[in-house]
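Read through the structure below, which is laid out as structure tokens, and then see the notes.
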Amino acid sequence: MQKIITLSTDRRNGLYDITSEVVSLIKTSKVQTGIASVYARGSTCAIMIQENWDQSVQNDVVTLLNKMIPSGIWEHDHQDNNGDAHLKAGLVGPSETIPIIENNPGLSTWQNIFFCEFDGPRQRREIVVSIIADN
Amino acid sequence: MQKIITLSTDRRNGLYDITSEVVSLIKTSKVQTGIASVYARGSTCAIMIQENWDQSVQNDVVTLLNKMIPSGIWEHDHQDNNGDAHLKAGLVGPSETIPIIENNPGLSTWQNIFFCEFDGPRQRREIVVSIIADN
Amino acid sequence: MQKIITLSTDRRNGLYDITSEVVSLIKTSKVQTGIASVYARGSTCAIMIQENWDQSVQNDVVTLLNKMIPSGIWEHDHQDNNGDAHLKAGLVGPSETIPIIENNPGLSTWQNIFFCEFDGPRQRREIVVSIIADN
């Protein structure tokens, strides 16, 4: 089974929790054991597995990436002025593969699935979830 | 086939080679061609493919991440005092997908599979290995 | 279906676009829906999804990684003098999993698949592409 999750983003940099949407697709698929491949379609966004107890770690991710990859100093900025967004996206990466265990994602208690926006706000972002059964 | 590998860790930051456990699961599965998805369950740990000729690269990984992501300066530290561990885990990422070629992992000569601990020591860490046949 | 793509590299650090080779393998497989797992065999190279409008982002990736991970200061340099190459490879990672949608890779308009060389030039580098159908 494969489905596209869509969302809109409201900031230039921000993490958006998409765990419940992925759980819901796994439930619908009825796959008991296998993998869920989560893929962000866009070269200025990414997928990160991260804690979701409160907003603090999400803020820290944005702070860290802004410090590591400042804006305005890249060759690509002469084109689009978003060189930093591409570099953040490439480093974090668009794909994560999560095990499916007994028709649930095999996340630990504190692991959630986040879409990372690095060049928002955007009206429509797409995440492809592909569910593959272990056979 | 899916199996959970467990291990205990003895340092705050350290890499632990789990290649032989993954090889053994691939052998047991009898899958000739496909993929092995390796997933670290925990938001303060990760999976990295890295050289294992000696301890030097593993030490360098810890040194680099401590330099890039110092401890004690994050918003999340007010909560758990492990903001750096979450950031390291998110950046390295919990999942790697390795090809299976002729019932062996398709690693190169110097590639080994490491569990990365960023908030140890811990008595029990879990890694889920999902083996999917190409059909 | 599984195939090994080979390429030679002409610089110490550089990104090489392998999208058309991956598209061609997906077409040959006739898989309509599923995933393509792309894996770089080597502990001094990696796979990155990145923009390919022109050379600028590729140059920026090399600039960023050289700044984050300078050469010549690592414990592993006493052995092979390529500690930086291993660290870059470990951080970017050798695997990306891309959805297959209607017998095409589910990349967005600006996403291309790049092999990242961090210790070239090399006569022969190998990338394993494993195509798994959703069934």
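Think of it as A, B and C in the order they're written, each chain with its own count starting at 1.
One rule holds in what follows: a contact is a pair of C-beta atoms (placed from the backbone, for glycine too) under 8 Å apart; a residue touches a chain by one contact, two chains touch by 3 or more.
These numbers come from a predicted model, not from an experiment.
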item: Pairwise touch network: line, ring, star, complete, or other; value: complete
item: Self-contact between copies chain B and chain C, residue sets same or different by half; value: different
item: Chain B and chain C, separation of their C-alpha mean positions in angstrom; value: 19
item: Where chain C touches two or more other chains, by residue; value: 68, 91, 93, 97, 132, 135
item: Parts of chain B lying in touch with chain A, wherever the complex brings them together; value: 1-2, 37, 39, 41-43, 68-69, 74-76, 78-79, 83, 86-87, 89-91, 93-95, 97, 126, 128, 130-133, 135
item: Touching residues on chain A, where the partner in the complex is chain B; value: 33-35, 48-51, 53-54, 56-57, 59-61, 63-64, 68, 91-93, 96-101, 106-108, 110-111, 132, 134-135
